[in-house]
Every structure is written in C-alpha cells, then in structure tokens.
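Lettered A, B, C and D in written order, each chain numbered from 1.
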Amino acid sequence: MRTPVPEYLQEVIDDLTDIRDGDVADYIPDLATADPERFGIALATVGGRVHVAGDADVEFSIQSVSKPFVYAAALLDRGFERVLDSVGAEPSGEAFDELSLEADSHRPKNPMINAGAITTHQLLLGEHATGEERVARAVEFLSELAGRRLEIDESVKRSELDTADRNLALAHLLRNYRVFSTGAHEVVEGYTAQCSILVTARDLAVMGATLANGGVQPLTGAQVMPGDVARQTLSVMAAAGMYDAAGTWFSGVGIPAKSGVSGGMLGVLPGQVGIGVFSPRLDSHGNSVRGVEACRRLSTDMNLHLMASDAAGSASVRDIEYDDNEIRVVLQGTIQFSGAENIVDRLQHIEPGDTTILFDVRRVDRFLDVGRRMTLEGMRRLRLDGHPIALYDPDQRLPSPDMGDGHFPEQRA
Amino acid sequence: MRTPVPEYLQEVIDDLTDIRDGDVADYIPDLATADPERFGIALATVGGRVHVAGDADVEFSIQSVSKPFVYAAALLDRGFERVLDSVGAEPSGEAFDELSLEADSHRPKNPMINAGAITTHQLLLGEHATGEERVARAVEFLSELAGRRLEIDESVKRSELDTADRNLALAHLLRNYRVFSTGAHEVVEGYTAQCSILVTARDLAVMGATLANGGVQPLTGAQVMPGDVARQTLSVMAAAGMYDAAGTWFSGVGIPAKSGVSGGMLGVLPGQVGIGVFSPRLDSHGNSVRGVEACRRLSTDMNLHLMASDAAGSASVRDIEYDDNEIRVVLQGTIQFSGAENIVDRLQHIEPGDTTILFDVRRVDRFLDVGRRMTLEGMRRLRLDGHPIALYDPDQRLPSPDMGDGHFPEQRA
Amino acid sequence: MRTPVPEYLQEVIDDLTDIRDGDVADYIPDLATADPERFGIALATVGGRVHVAGDADVEFSIQSVSKPFVYAAALLDRGFERVLDSVGAEPSGEAFDELSLEADSHRPKNPMINAGAITTHQLLLGEHATGEERVARAVEFLSELAGRRLEIDESVKRSELDTADRNLALAHLLRNYRVFSTGAHEVVEGYTAQCSILVTARDLAVMGATLANGGVQPLTGAQVMPGDVARQTLSVMAAAGMYDAAGTWFSGVGIPAKSGVSGGMLGVLPGQVGIGVFSPRLDSHGNSVRGVEACRRLSTDMNLHLMASDAAGSASVRDIEYDDNEIRVVLQGTIQFSGAENIVDRLQHIEPGDTTILFDVRRVDRFLDVGRRMTLEGMRRLRLDGHPIALYDPDQRLPSPDMGDGHFPEQRA
Amino acid sequence: MRTPVPEYLQEVIDDLTDIRDGDVADYIPDLATADPERFGIALATVGGRVHVAGDADVEFSIQSVSKPFVYAAALLDRGFERVLDSVGAEPSGEAFDELSLEADSHRPKNPMINAGAITTHQLLLGEHATGEERVARAVEFLSELAGRRLEIDESVKRSELDTADRNLALAHLLRNYRVFSTGAHEVVEGYTAQCSILVTARDLAVMGATLANGGVQPLTGAQVMPGDVARQTLSVMAAAGMYDAAGTWFSGVGIPAKSGVSGGMLGVLPGQVGIGVFSPRLDSHGNSVRGVEACRRLSTDMNLHLMASDAAGSASVRDIEYDDNEIRVVLQGTIQFSGAENIVDRLQHIEPGDTTILFDVRRVDRFLDVGRRMTLEGMRRLRLDGHPIALYDPDQRLPSPDMGDGHFPEQRA
C-alpha cells in the first residue's frame, strides 16, 4: 500500500485550484511574470517524512518567508539579549502603521515586519561582518535548514533593488535612530539578496519541520539551532507572522505561519509538522490566497491547531505488573511534564515495602529533562519507602540516572 | 511515596514569596483590604489530578479572569457567528488605546478587554434574557467549570458599582454604536456581579484544565462545552489575554493566561494543564506580580510552553509482528494526525499478499477523528493489496470501523 | 438709498439655494423634521449694524454652536487657570479619535469637542452650583450675547436625552478620570439643555460680533466679557472649531467658525463681523452644507480672511503742519501698535528746538494701551529735545496723558 | 527725537537674556559650535520700517524657517492645485507621529513638517528642473524676500548631509508612495542646501513683513508673490507652524510663527509686522527658548495677536458736510469690507433729491476691491435717488469708477 497523505494533499489542491481570486504581485517584473496557476503543497513531519503534491518542487524567491529563519540565525549568532536589544517581539497591530517602531526605543516592534527583518539581517554574524558575509551567512543557514544548497536569483534581486525605496526609507530611519550604523544601501542590498533566495514548497516544509522539531533538521538529523532558539522563533512567528490579522488567524487556523509576496507560505505546528505552500495569487493583505485556504483545510481536516487539546496525553505508564518478587513499571512514549506527572501519580499507589521495583523504559521514545527529573524523584521516594530500585534500559534512554541522593538504580541486562 | 508535584509547587511559593513589589488594587475598599501576603498555586491536569500549595483554597473575587469563561458561555448560548458579530478576536495592541473598538464596525476588538467583556456578558442566554437571568447563567456556568457551587460577593459587587464610571462609559458607548441595546446600567451591574464571583486558585486551575481538556471537566467528566468552543476561547486568550505585552509573554512564558485585579491568574496549556495562582500585589499592567513569576517558573521548570516541540510525538505503532499466518499491528497512545501519519507510513512496508493483518488497538487511548479516518484508510489499502483485515478491539476504541468502501474488518474476540 | 449689504446676502442665498446635497440630522425626531429648505444668513458688524436675508429669523436649537459661548462663560466664572486645568486648547486632529482626551492628563483636548464641551458646561458658576443653576447660567449668558431673552426647546431636549448614550459615555469617562465629580446624568442633562436653546441666524451673527468686538455687545454696548476672554474663545475656535479639517478651512476660508447639527453656523472675524447662517442639510462632517459655502463666498467676495494683509494699516498721522510758532501733529483712527509705530517714526523728523508741538487727537477713534504708551513716549522724547508739548483733546480720547516722567502736556481748549 | 521701538526691543533682550534654559542643537558640529549667548531681535513693518536690537545682524543658517518661504515659491512656480496635490494643509497633531503622511493619499500633511518641506522643495520650478536649478531658485527667491543676496553655508550643508538619514528615509518613502520620482539623494541634498542659506534676524523680519504685506516686499516695493500666495502661506504657517503645540501657541501668543534648529524664529502678523529672532538655545520641541519668549512678550506688550479685536475699525467716513448746493462725503483710510459697509450705511441717511454728492477720496490710502465695488454701488444708488455724483480724486485712488450701469461720476479737479 501507499500512504494516503500525498493523495490527501492532492485532494486539497484539486479542491482549491478553482480559487483564482487575488493577483500576482506586480511591483517588479520578475514577480509579475510568475505563472498564477502554480500550486504546490508539502508537509514534513518531525519524524523526517515529507509528503508533496502539485508544484511542490517549483522554485520561487523566498521573500518574507525568510524572516523567521534569519531571525533564528541572528539569535544564534548574537544571542537573545543582543537581538532583543534591537528588535522587539510584540505584534505591530494596525497594518497602516507602516513603520511600527516602538515609541520610545525606536526598536522595530518585531522581526516579521520589514523594519525588523532589515535589522535582523544586519545583526547576522557580528558587528564587523561585511555585506557579502551576511548574505553568505543567510544562504548557508537557510541551506542547512532545507538540507540542500540554495541559490540567490540575481535577476529578482536586481529588480527588487530598483524599487527598494520603502526598505531604503526604513534603513535610513533605523540608522537615524541608531538601531544600527551600517550603511543603509548596503543593508538593504543584503536583505534583498536574502529575499531572493530560491526555495520550493518542499524546502519550506522541511525548514518548518526543523523549527517544529526543536531545531533538529529531521532529514539530516543535524541540530541546526538549539531548542530555545526554535521556540523563540516560533513564538514570534505566532504573535506577529500574520500581520494585523493575528487574532483571527490564531483562532481560525491556529498554525503559526509566515507568507511571502512571491506566493510562498510556511506553517509550523510545534512537535508535529512543517507545511510549505506555493501559489502566487495574493489577497489584499499580501498573503497567498490558496496558501491561506490550504492552511485552513489542513487545520480543520487534520486537527492541526495550536490549541487542539488532544495533542498530548498518551498514558506514559503502560503497565504496572505485580510479581511475587518484583513490581515491574513499564513506561512508554515521550516523557514530558504531563507524562511524568502521570507516572509519579501512579507510583503513589505502591505501598511501602521491600519488593524491588523494576523500571522498564525500553518503550520510552525520549525523556525530556523535566520528565527525567520527575521520574528519578519518584524512584528516590520509593527507595525511601524501602524498595530497592532497578532499571531495565538497554538503549540508555534515561541518561545519568542519579536519584538525586547519590544512589543509582541497579542496572538490569 | 507521595507525588513530588505539590512539593515542587511549595518550592515555587517559597522562592517567590520574598517578592513584595507592586501594590494591592486600591480603587475599591473591598480590594484594598486584601492581605497582600496571600499566595496560593494550584495545578490541575487534563487527567483530573489537582495539586495545590499555599493559599490555594482562599477565596477572592474572580474579576477579569471571568472573561474567557463567560466568552465560552456566550459562544455556547449564541453560536460563533452571533458572538463574532459583536466582539472581535484581535489583540488590541497599545494599552493606552483605552476603548479598543474597531474603527469601522465599532465592535470591541476582543472579549479580554472590558468593552468586549461587557458585550460578552450581555450576549449570555439570548436577546430576551433579563439582567438577573444573565447573572444566574454566569454563576451557573462558572460553577459547572469549577465543579462546585460558586457565590457572588455582594459587598465587592456593591463597592465596584460605586466606581463603575469607566464601565458605564463603555456600556453607553456600545449602546451608542448599537453593539447592543440593553440598558447600560443593567449590563454593567450584571457584568460587575460576574466579576464578583468568589473563586480559589484551585478553582481556577480546574476551570483552566477544562479548557485544556477540550471542554471536558476533568473531575466530573462532564462535557461542559464542545471542543471548538474551548479551542476558540484559548485562541483568543492566547492572542489577547495579556493586553499589550502579548508577544513578550508569548515568547517568554508561552502559556495562554488571564489575570484579574484582585490578584488571581489563570494559565492554560492545551492538552496538559490548567494553572491557578492567587497573590494580590499587582504590577503596573495590573497583573499579579507573583502570578506572572509563578507562570514563568512553571514554564521554564516544567517545559510548559505552547511552542515546546516535544509535546507530541510518541510512536503510535508499538510493534508490527510477523507470524506465519498473520501480521499483527499493535497500536498505542492517542492517535492524532502525526500518529496516524506514522501508522500509514509503517504500513507501506507491508508487501501485497493474502496474509491476514490483525490490528491490535487495545493499547490505544483514543482515536481522534483524523486518526480514525487515516487508520481505516490504511486498512482499506491493505485490503486492496489482497490482505484480509482483522481488528482486536475488546474495548471498542475504534468506533464505526467502516473502511470507507462498505467493508468492515473481521472482529476478533 | 439703501445699503446694498442685505441684497448681497440675498444674492448669496439665491446662488446657493440650489445646493441640496447632504441630509438633515436624523438621530432624533425633533431634528429630522426640520424643513431642509430653510436658509437664512445674517451679518453683524462690530459697529452694531445687522444685515439679514432669507430665514434669518427662524428659530432652531443652537446645538454645538453653543460651545464657544459657554466656554467664554466658564472662563468668566472660573478664570483661565481653572478652566485650562480641565480642558485643553489643542486641535484634536483625527476625526475618528472619538474621545480626544489627552494621553496623560485625560483632559479633553479642547472645548469644541463633546468631551470638552460637557466639561465646560460643568465648570459654569462654581463647584457647588446645581444642575438647574448651570443651565440657567448658560441661558442667561447666551441671552446677554444675543441681546434678547432666549428659551430652551424642551421637546428637543427630551428627544436628545433619549439618545444621549455617547455623551453619557463621555461624562462617565470624565468622571472616571476625575476631570469632574458631578453626576454623569446631571451634567449631560444640563449640557443637552444648553444645546436646546433656541436661536436665529440673526442671534448668532450678533453673538459672534460680540466676540469680534472684544466682548462688547455691539447693540447694547454692554461689556459682556473682558477682551482676553473673547480673544481666548476665538483662538480656540480658530484652532479647533472645524474638527479635523482645521487647516483646509483655515487656508480656504480663513474665518474662525463653529457649526451645529441642527444646521446653524457661526463665523467670526475679529475686529470686523459676526456671521450667522442657518440651513439644516449637513455634510459628512456634520457641518451645514450651505453654511460652509456661504462662509466661503463671504470670505472670497468680502475679503473676510484672518490672514488678509489689508485689514490694518491706515495712516495714523493725518498731517504734520508747521506754523511759525507751532508744529501741529494731527492723529486719526484707532491707534494700535502699527499706528503708533508709524507716529513715532514720523516724529523722528522733527528737529530739536523750542517750538511748541501740539497733538490734535480729535480725529482719533481710540487709543489702545500700546498706542497710548508709545504716543506719550514720543511726546516725552520731543520734550527732552526742547519742545514744549501741548494736547488738543476735547473729547478726552487720550486717558491719563502722563509722559512717564511726571510731566503732562499743556491742555488746549 | 528717536523712535523708542529699538529701545523697546533692547528692553526685551535685556529682560530675557538671563534665560539660559535649553541647549544648542548638537547633532552636527557646525550647529553645536554656535555661541549660545547670541540674541537678536528685529521687527519690520508693512510700511517698510525695520527696527533691530542685539545680534540682529549675525548670520545663521535658516533651517526650517525656510519652509514657509519655499512653500510660497512652489505655489508661485506650480500653482495651488499642483502643490496641494502633493502636500496637504492640515496640522499634523501628535509630535511622535513622525512621518505624518495622510493615511490614504500618503501626501505629507503639511509643508511645515520635514516630509512636506522636502516635497515642496522638489516642486520648485517644474518637473524637469535639475537639483542645482531648484537650489538656485530657493536662494534667489529668499534673496528677493530679504532684499539682499543670500548665500549658502557650504560647511553647514556638508555636515548636515552626513547625518541626513531621517530626511533620506522620508525622501525614499515619498518616492515609494510616488509623491515624487526625483532621486531621493538629489532631493535631500537640495533641501539641505536650502536649509543652509545664511540669514539674519533682520532678514527674517523683512521676509516676514513681505508675507504680512500681501506679498509686497516693503523695502523694495516689489510684488514678490501675489496676495493669495502670501495668504495661503500664512494660513498654513498658522495651522501647522508650531508643530504639536499649535493650539496653545495660538491662544497664548497668537502670532503665526516658524522656528528653526539653528535658533532662528519668524513671526508674522498679517497687515502689520514681520518679526525675526535669533537665539540658539532650544527647548524640547526644538524651538528657540528666547525666541518663544520674545514672541510672547511682543504679543502681550504690543497687542500683536491674530484675534485682537482692535486691529481694524477706523471710521472710513471722516465727514459728511452739507453745503447749500453740494453734499461732500470725505472718506479716509484703507477701504476694506468693514469700512465700505460703514460708508454705505452712512449714505443711507441721505434723502433722495437732486443735490450733487461729491466724494472726496484724497485721504483714502487704498481701496481694496471689495471696498471699491461697494463704494461705487453706493454711488449708483444715490444716482438712482436723483443725485448727480462727483468725485474728487487727484491721485486716482479709486480705479475705474464705473458705477456698474455704465455711468461714471463727474471728475473734479
């Protein structure tokens, strides 16, 4: 048999392909000539499986979809404090508030608006980086996320530079407020190059899945960024990614997302999937019309929603088996807070005594740090109740099993 | 042994109790006389376990923390369309934009600001409800969420009515814009009664856990509201609950939350927990100083964050066992989209043939609809490959196992 | 012969009567039933002549045109400092900024918007005035300005109170910010009574001429208010009277003006005329369509514009006649700064010597204080040059002619 | 004797010289090194007399004080319609609204803010003018107003260009919104050159007096611009010249004014005087501290206030003398609307009959067009009453004395 997911994606394409509302961006010739009928969808799981349908392998310039990824790169290169010094993390609210600098600090309100994205680009690498170095860094980082070597579309870049007045205005203004001191034209040229990187819907899905996966690229297995950088990036994308319609998008779709003027759209559901869509016709907010609808469909059909209450909650304790001379506690799944809370709750029912308690963790996928700590605390308390503790962990799922008082469980083979 | 969670909560209290910044709300005598040293924390899981520490059973008036719950009641009573007609779902942005009505429609921007909450209260039950009926409805609904009979503090209510000018201004303005036509004083009196309902930190945790649990009260098991109402409520709370600091709260804490002027604070992590905190000293935004810190601590220590990538992801396929005359597929956990996607991915590796394939779903906690549909689709495809399909489901975890083509798997006992 | 001014006004009416754009205010029945064809114009000079045409003697409720006059009354009753403490003097800018309270102080931005006008009404008389006393004060003051006993239209007042939600909202908000502590409903009832005072276009012209005339009612000769109150009132009316179109009105028409929702319109050109227009159809800003056009016509045709450079400038020195034994300086007109500056300039050409210099001031209309001081300073200097000074002033146009050094000119009979 | 005006100005300087609040602008070295103690005042009358005190002949760069004058030049070069197409005439309100472009049209709100001034500079001469030509035009026009050849301070210009980021931001933004298409850097260089023109307080006073005098330079007698251009310029300056304190300035000082960052300040009272002040220390709004105070003093002491009700009002009819065979009407002063209205009012008292009526206009300074028309209409009506009309006008003060019906008065010698 074949997995039905690609067919499902194809169904979405078939259903939405008749939507021909909106217009291809026309402010530069290289975007205006895009084929408006193109439509591709890709979905990548944190497990590293990628499903595609339609024109998911057609290249287009990434444009504003680059913003969250380069924000992650800046956090990586400069640290949270330095980046937050220059760019805020608040939604900018009204769309017509076109510059969205904070009233007193003159920081751009967030990295998803142009002022913030230009500042973010300027932060790459460090204070003494050259323009070329910053561009090379952006290309390299996005390539790492996509798992293939990405290229800049020089023709798109040149066209955009010809009509870059708004971005030049922002860059001069940011210089004026000393948000940075790099030359306005140099920064805008670099930012425009970043926006001209060619990607596919498949790339976006994989790049998104890396954010969904705590920074680990699910195909290469590389830890492209630490978990806290991925989390901060997703938080800001959730709060500010959809411009002035943040609240409606949140309640109606519930997938943190970012769109670009060339018709690309990125969606990310933490711990689950990255989504990439490509369809060039835009609505009045500048979002891909079919991209928005595709996200809405996936959210509804697949129950992909940040506020879905069903994401977590598998029982972590598969079984507690009482033998004559042993109590066997079988754990399973990913042990995060709710799971560990469930474990220690179950352990409460074990009476004090001297029966050995064996923790069988072979079926555990992973202990998060909080889950590890709470499980070990449970062991420590059982030990205080008189029980010898044993651990059956042939694959070493539970690292450093120190119960906190210097005692370790007896290892079973 | 005893679960360490209450001790952990006590530790948080001990660590934060020295924070004495901020001031008790003083605009009415009944709030001004609150004991500023009070500090209670409660945490309720979607599994129905409640952990408390400190003054978690001290009563205080719920104030603005009532807003999300009454919003849920209004959605329930009047439907999404009617409610969204009168109240938006967007963050209101700037704090000084004190009225936060939308420019054209004059709808309040969201139900978390006073204008929206007053309108939401007015929507309860229906057009012809009296003031008393709306108040009774609010008390009843919040009681259902808390799992106990809540009462109004009449003294607090009377005091607040004496200084209700701002709310009266809002109500008159809403009447002026025809958002509603009920008398301004009647609506404000009802809304003030709603804010005067007495709750404890424990109550808030349980009420929050109900939202986290898709609307099912985890102690009583009652479906207090449908899942989509819980989801909409959480979405709006996430987007607008923390007023003008939404983005910073989002990235820094990542728990949808709502605070009240009496020092109460509610936090909800979908699918996991509800949190209630009570500590009367407020910061300049009107949020409980220790409440904010407690949420931050829980987020950090317990990895409770909406963007945490680790929430989901347990393997749904426990095992595929090849026998001579049968292939046994053992499923486990909650089967949502990522899980089902994983199942059908694994099924792809089964070659066409006539061996019976037995699905053992005893260890499955629950099939979400998307998981059920995808699993059945997998069965259908295997059947088309020649395999007879059997199902071992003594507890009927998989409802209506129609493979979509009129065929059902053979039921095993 | 008859003065052509009324015929000119009639011509304006004839030319504009075909304009039937706009709609009669319909939010209360008493305004909605106004005859939309009514059209009256009146013009009153500071000299006390009144010219009228059309329906200039038809009564209508004064509405917002009462605002500048009651502002003058409040300045009179409470002093500048107290009034400016509660109400600002800045334009409010954007029309949709509906409340227009200052960000920090929460003062209404100016007395021409409703929030400011309600506050101004509340300031009448003093802190302990009752609602009835404030209303009586408004009626009495406006009557004094009009030169006849004005009455309240009780039916209009009652109708407006039925739909006074916006004003009630403002009053509650002002109470909330402690701009005042009088009951919101009492203040709004008083303000509504003030707006329901019946006037005619003729009344408005005369009331405006009183402001134009430094506070002296030009028909009765009564000093209704000091010159600085009239000036402050006109300044605020010029800055804020035309809501968000202040600049365009200023450059295009140049007559400080205020309009009301019943179709009344007031225009004032300092030192020259008061204008009253009545025509009930309103444009989208709520200004009388024909009222606006009539002001524009008068501005263009009559050169009535605040920035007209030709208003002043008559030569103040009619003649300097050299006799054998006397130099006769003949002054004329109103001697303000420019005039006095012209006088002392001319006096410079008189050589030192002992010839008596006689100042003939019979033709002077009036010395402003600055003109009196400068003229006396000129005399003092001539005296220091050796000239005896004499004054021919049978009507005592030059009060207290002390040259500043204890010397007085010799008085001629 | 000598006129006391310069001594009065010196007194103002002496009184205010102890004010040392504020700071010299320090954003470029050439301004930062200005001597903060400099203080000069000049006052020029529409009659062409100039009085000065202190450092009134010290040169400084004109900066923003150039804005109203170049606005006049643009109106002259391009016409009202073209200029108003690109730049509005409304106050910009809030100071922090830093760009002040209109929401829909993206026109700068007025020519007194930088965005508007840059656009105004760009409008000079015509669409095909070069950068140098526009600068030459600005220098030439300001020189004509000052009555002497002005020069650019090249060092100031170069320094300002080094820190011109804010203006470059505005120029790029204006290009982005297609307010103009000239290169951003070219326009900003030209505008900076305009701001670097060297003037003295005396120059500003004379330039202001030209605006006060309906566009006629009072020293050279040249009509530098038509009256309607001067009026529009003053209107916009009154509405928008003092940034966000427009209303307070209006009511407190009442002199349309414009200040510059180098410490220059211009004030204009239509029909009366131009004022120039120079003192480099600035308040937080960027206005010269002593300049503001000097204007306030002049307003108070000299009764120079736009809303002063005493400016006009000299009787226009000096006398009506009844002879046996003639009625002699002696007119005087400047005959504008109020004056002419007064004349026709007086003529009403002449009974019908066949006595010749002789108009003696020797003492008339000037007939405005409205005054001329109304006086001739009075003659026509007297003629219809039977009176032959004669005119004694040896200096031809009354041009084209056609009574409107083809009849002319008999000319007396």
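The criterion applied here is as follows: a contact is a pair of C-beta atoms (placed from the backbone, for glycine too) under 8 Å apart; a residue touches a chain by one contact, two chains touch by 3 or more.
Because the structure is predicted, anything quoted here is derived from the model rather than measured.
Peer 1: In this assembly, which chains make contact with subunit C and also with subunit D?
Peer 2: Chains in contact with subunit C as well as subunit D: not a single one.
Peer 1: Could you work out how far the Cα centre of subunit A sits from that of subunit D, in whole Å?
Peer 2: Here subunit A and subunit D have centroids separated by 61 Å.
Peer 1: So what's the Cα centroid distance for subunit B and subunit D, whole Å?
Peer 2: Distance between chain centres, rounded to whole Å: 65 Å.
Peer 1: Averaging only over C-alpha atoms, locate the centres of subunit A and subunit B and give their separation in whole Å.
Peer 2: Each chain reduced to its C-alpha mean, subunit A and subunit B end up 23 Å apart.
Peer 1: Among all residues of subunit C, which ones touch two or more of the remaining chains?
Peer 2: Expected reply: no residues.
Peer 1: Tell me the shape of the graph of touching chains, choosing from line, ring, star, complete and other.
Peer 2: If you draw each chain as a dot and join those that touch, you get a single closed ring.
Peer 1: So in the complex, which bits of subunit D are touching subunit C?
Peer 2: The touching residues are 1-5, 45-47, 49, 88-94, 110, 211-215, 227, 230-232, 234-236, 238-240, 244-248, 250-251, 254, 256, 270-273, 301-315, 318, 332-334, 336-338, 341-342, 344-345, 347-348, 350, 352, 363, 365-366, 368-370, 374, 377-378, 381-382, 384-385.
Peer 1: Where on subunit D does subunit A make contact in their complex?
Peer 2: Touching subunit A: residues 96, 98-99, 103, 165-166, 168-173, 175-176, 184 of subunit D.
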